[in-house]
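Below you'll find the structures, each written out as structure tokens.
Here come two complexes built around chain A, the first alongside chain B, the second alongside chain C.
Then we have the complex of A and B:
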């Protein structure tokens, strides 16, 4: 693994083994995250992006399981690491996560300071006093008054809770942070403030950041590299500049067109719906909704093909 | 009542000094200590007009009172005070109202005042006032097929002479929102439809009763971005093809810009700015509106090096302990920069004044 690669995901498969069938939520996804790079993982409900995010910490909730592939961080394969090893050395120390819906991720019965202190006490063996000091130090970095260590979550607003979650993800100075829909459920002004915060923190803490969201506008604001997921597959990846200027995969094109703009009025959508992942179609999963579909699309699944300097798209149009 | 004289025939609904307060439960201690009853002042004296065949978006962040306003306008909440003037053109509805109220209902020309109509007389008006809610997953009864869900309002309001005629109306309503083949969709259960399709069923349901005014409360917030336009286009059809006026409640200014004729911006229970969509987005006047517009994310990756300058301080304050004077002043950066108005901002509640034609703002800077 190169020295400038923070995360190397190879052919990752994550399946949910449910009563009604096996849901192939992530089917053979590969990508690399460079050190200090910000990658956006975009897609709509059910595309597998959150599942992918959880799998990077091997935290997929049952009945989900990593069914194949590798996740390399610092030469270690997270996908096959035993739980005890993950807890001791990986989770929160090397890679951490800011969860969706921060409102619900904080324990209501403990004060903020105690919740921030916990990872420090468990993973770094600090005493409670030392950990609380650390907690007070990190809060101003996320724009919060250190005095809130003595407050309970219900006394804070949604935006403030989200900032606490970000502080919690950074407190052990991990190399990689995954932010899963960090601004959904937040008002537009608070959203803009949190995005400003993420932008300044990624430089200050020198982290590699993965931002998961369905909102391509906020992706544009923050990420350098962008990956688009559809029905469990990665359909396009490339630099943010290239992807927005010249999207190659028909799904990416449709998605970008669907974003309402202030520069011109117009409403566009992609007709149809994503396929049922218990029974995915043979061939390209986007075929049914693709305006450019032809024979080969329904027979064979397209691999990632190079379509630009940094851009790859899984589409037979570019063979 | 003098409000009615100033209304032009084009106005379908007018809110005048509308107020909705929610009392906060008092503990035994509060009662014993004789503490004053506290209220959540969700909607605090707002006035605006909605013209026939237009889409009016009510925008603001959570807690500003926009949903409460929508619910109060269709009388799902009773207003605490104020007037809601609603134009009743339909002869049939007027007749039914007179019958139901034994002639006691008061008409102000073509208008009735929804605030003074008791619930027991509301039924004929309910066909004309409809609401579409945010959550497509909990707003349709999962135990009924779509056709039975759509039959219900027709049966309740005695529309249609026979089951066949009603079924025909249902199919037409489904076709109007492009849910085709209509017979197939009518036969399905809600879980067999996507979020966007379910929301269009809700629109079809509202359409069935031939309303003149529909409140749509964040109808696309829970739908994927690439599927939202499908629902929005159906809503716009309501206006364009059926002449229905829509109050569109949203926190998303970009959507508001793309579909509305008029936008009203709310903050902590008050209307702070009002104008056409073009005026509000391209020339926001109130400091709060300016902050909202500045915060809108733009899908242009070249801007990612820019740390946005959003001119607003602090957090939204409580709707129980409202700041005196202009309720926005504690967060207003313009307040800090303009010492000459600070006294007024702290003590006097600003009224909406017309700054350019049709563009109103409630701010002492003007």
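Then we have the complex of A and C:
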């Protein structure tokens, strides 16, 4: 763990204002990310992990908005900062992102080099030639031939595009990189390569990495700290060693049990559906699916309780 | 479609035959516009509306194109000039004979007599002289006193066709051979409308006055007498002009203007106006639609309501009124057309931009820190650009047609440049359709249609190539 805090999120709320009601996608999430630390953010589809990722750059797609809370980077509050200042001082400079589905994150009409050069031209005011030169320099670091600066995105494979996206995220040497499902659309071998690349680059560039994924097995490979989200809430957080060895929250336990194992027959799953986030139930949001549910769970929302050395869980079982 | 190079577009484009035809037609029009000073006299183009200039050019008035004879199997007379000998004499009567060999199936459209008095003549400005003309025809008949007038004019130019005295003299001459026709002319008051020059050159006999009988070929002798009232009055020149019955590529109008000149120079205005209006208004529309879609929310709402208001303004009546008050040059008209035609592509472009702005790479661009302007211009606009070319091609005919409509309806109150619409308007004013002057109506009409067709064909082919939904 780093000795200093790179990112401090306090009581963050992100709502989507849709025609059918307000969807509370992220509801009161708090956590800290140390410098050089790797945090895994896991949970099932729709739990708000990607939304949380976007909100860290204050880039929630409309009709979504940050509805409350604070995000501190270097003492600046990202949640309340005006758009122009975010653009100039924060996005990509302090915090950058490797998007989910790299296939679509590159503009089809520009060459790879031009797209890599874009942040340099916008933020550092480099000329196109200088920016292209720097783009060529960073490509070997992600294992790509510098010659591909003259290629168009459709000429590259999925893995290559993902590497380009990683290069692009690193090109301004930000403090924090969010990797949103960086391996989702890739085959297993390429997945492993990309994960190893992320790991080594994290050390080389000394960045704090937030890895968003639904796949706990890849988390185990990479992250130092793991956070589990459920229905817009963080239900458990702790060092990955502790979390994997001794998960405390019933939801985390269910998730880990759901990973298929060669030695066991049959697939485990958590019965039921996540609640409707337009009007979430009072009390614990996991109550309806929890095997250990009792009265208090339905009445009161559980706070984060310390359950281990580094581990906190939001569950009344540990009161 | 995205990432298609210029070469690919050209190759795909050439697969559509319509596009090739369109390019061919466009090349013809562009050739006309660029080559106007070479193809026709530049001065003629610049002074199209200066009717005195055209009178000086001595072109026959309201005659068909020179090539019609080929199709009809008849020879049309051509314009010929005959200078008359100025007799050296001290007598008051100056007489000269001009012979004209009428060997054509269609006789001249007019005979013009021109008399110039020497300037240095030591005479008073009010000194008059008489001009008389007798015509000796090949069949031995004589038409006497075709002209008989007193004048002070030092540069006299008389068209026999429009001179009352000549008309009456010729009709009276033929009266002896065609009593019945003469009766009808008198009873129905046709003296003013019948073609007396044709009668002058036609065979005598029944029906000669009204039925355009066979022309009489042979040598005509025009006996011209100048009777001076002062012996000091000297002649500078005498001239007889047999005006052709056909002229040029597209004939002439009733003012003696060569319609081909008008068509060629009109191509410039049509192309300049069509292209400028189309390019500028489509670009404005495309940027407007893109910005509206990208910004979204209430900005989008307001921009869309403005666009709907603008597009529902009835263009033509408003243009007519504005064009009338602004005394339009072509540039004023271009400005007005742009002001009213930019909303056209907005809705389509907005719907395309709405799709594009949801793409991940737009979010990525935002995350990278690109400003709104940069995202609109560098990320969304290039995706729409290919389709914009097709839109431009489609917008050109609209602009040309609207200009033609405005020019046609406003006529002399309209634009000051030569436009096909204005030529049509002049034709309408001269009842060209009723009097059978098709060469005055069809060429400008066809040019308007062809220029529209060229761009539509190109636009359709481009659309097929560049619009992803239509390609295969």
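The definition used in the following text is that the second predicted complex is superposed on the first by the 311 of 319 C-alpha atoms of A that agree within 3 Å, B and C clash if a C-alpha of one lies under 4 Å from a C-alpha of the other, contacts with A are read in each partner's own complex, and residues count from 1 in each chain.
Definition applied: a residue touches a chain if its C-beta (ideal position, glycine included) is under 8 Å from a C-beta of that chain, and two chains touch if they have at least 3 such contacts.
Remember, predicted model here, so these are calculated numbers, not experimental data.
Comparing chain C and chain B on the residues of chain A they touch gives the larger count to B. Of the two partner chains placed around the shared chain by superposition, chain C is the only one that A:106 touches, whereas chain B remains out of contact.
Of the two partner chains placed by superposition, A:306 touches none, neither chain B nor chain C. Contacts of A:154 after superposition on the shared chain: chain C is touched, whereas chain B is not. Contact with neither chain B nor chain C is seen for A:278 once the two complexes are overlaid on the shared chain. Contacts of A:195 after superposition on the shared chain: chain B is touched, whereas chain C is not.
By the touch criterion defined above, A:266 lies against chain B but remains apart from chain C after alignment on the C-alpha atoms of chain A.
Looking at the shared chain after the overlay, A:91 reaches chain C, while chain B stays out of its contact range.
Within the superposed three-chain model, A:298 lies out of touch with both chain B and chain C [touch as defined at top]. Across the interface of their complex, chain A is touched by residues 61-62, 194, 224-230, 232-233, 236, 251-255, 257-259, 281, 291-292, 294-304, 307-308, 310, 312, 315-316 of chain B. For chain A in complex with chain B, the touching residues are 44-45, 157-160, 187-193, 195-196, 199-200, 214-224, 240-241, 243-244, 254-256, 258-262, 265-271, 273. The part of chain A that touches chain C in the complex is made up of residues 57, 59, 61-62, 87-88, 91-93, 96-97, 99-101, 104-110, 118-119, 122-123, 152, 154, 168. The part of chain C that touches chain A in the complex is made up of residues 2-3, 296-297, 359-361, 363-371, 374, 379, 382-383.
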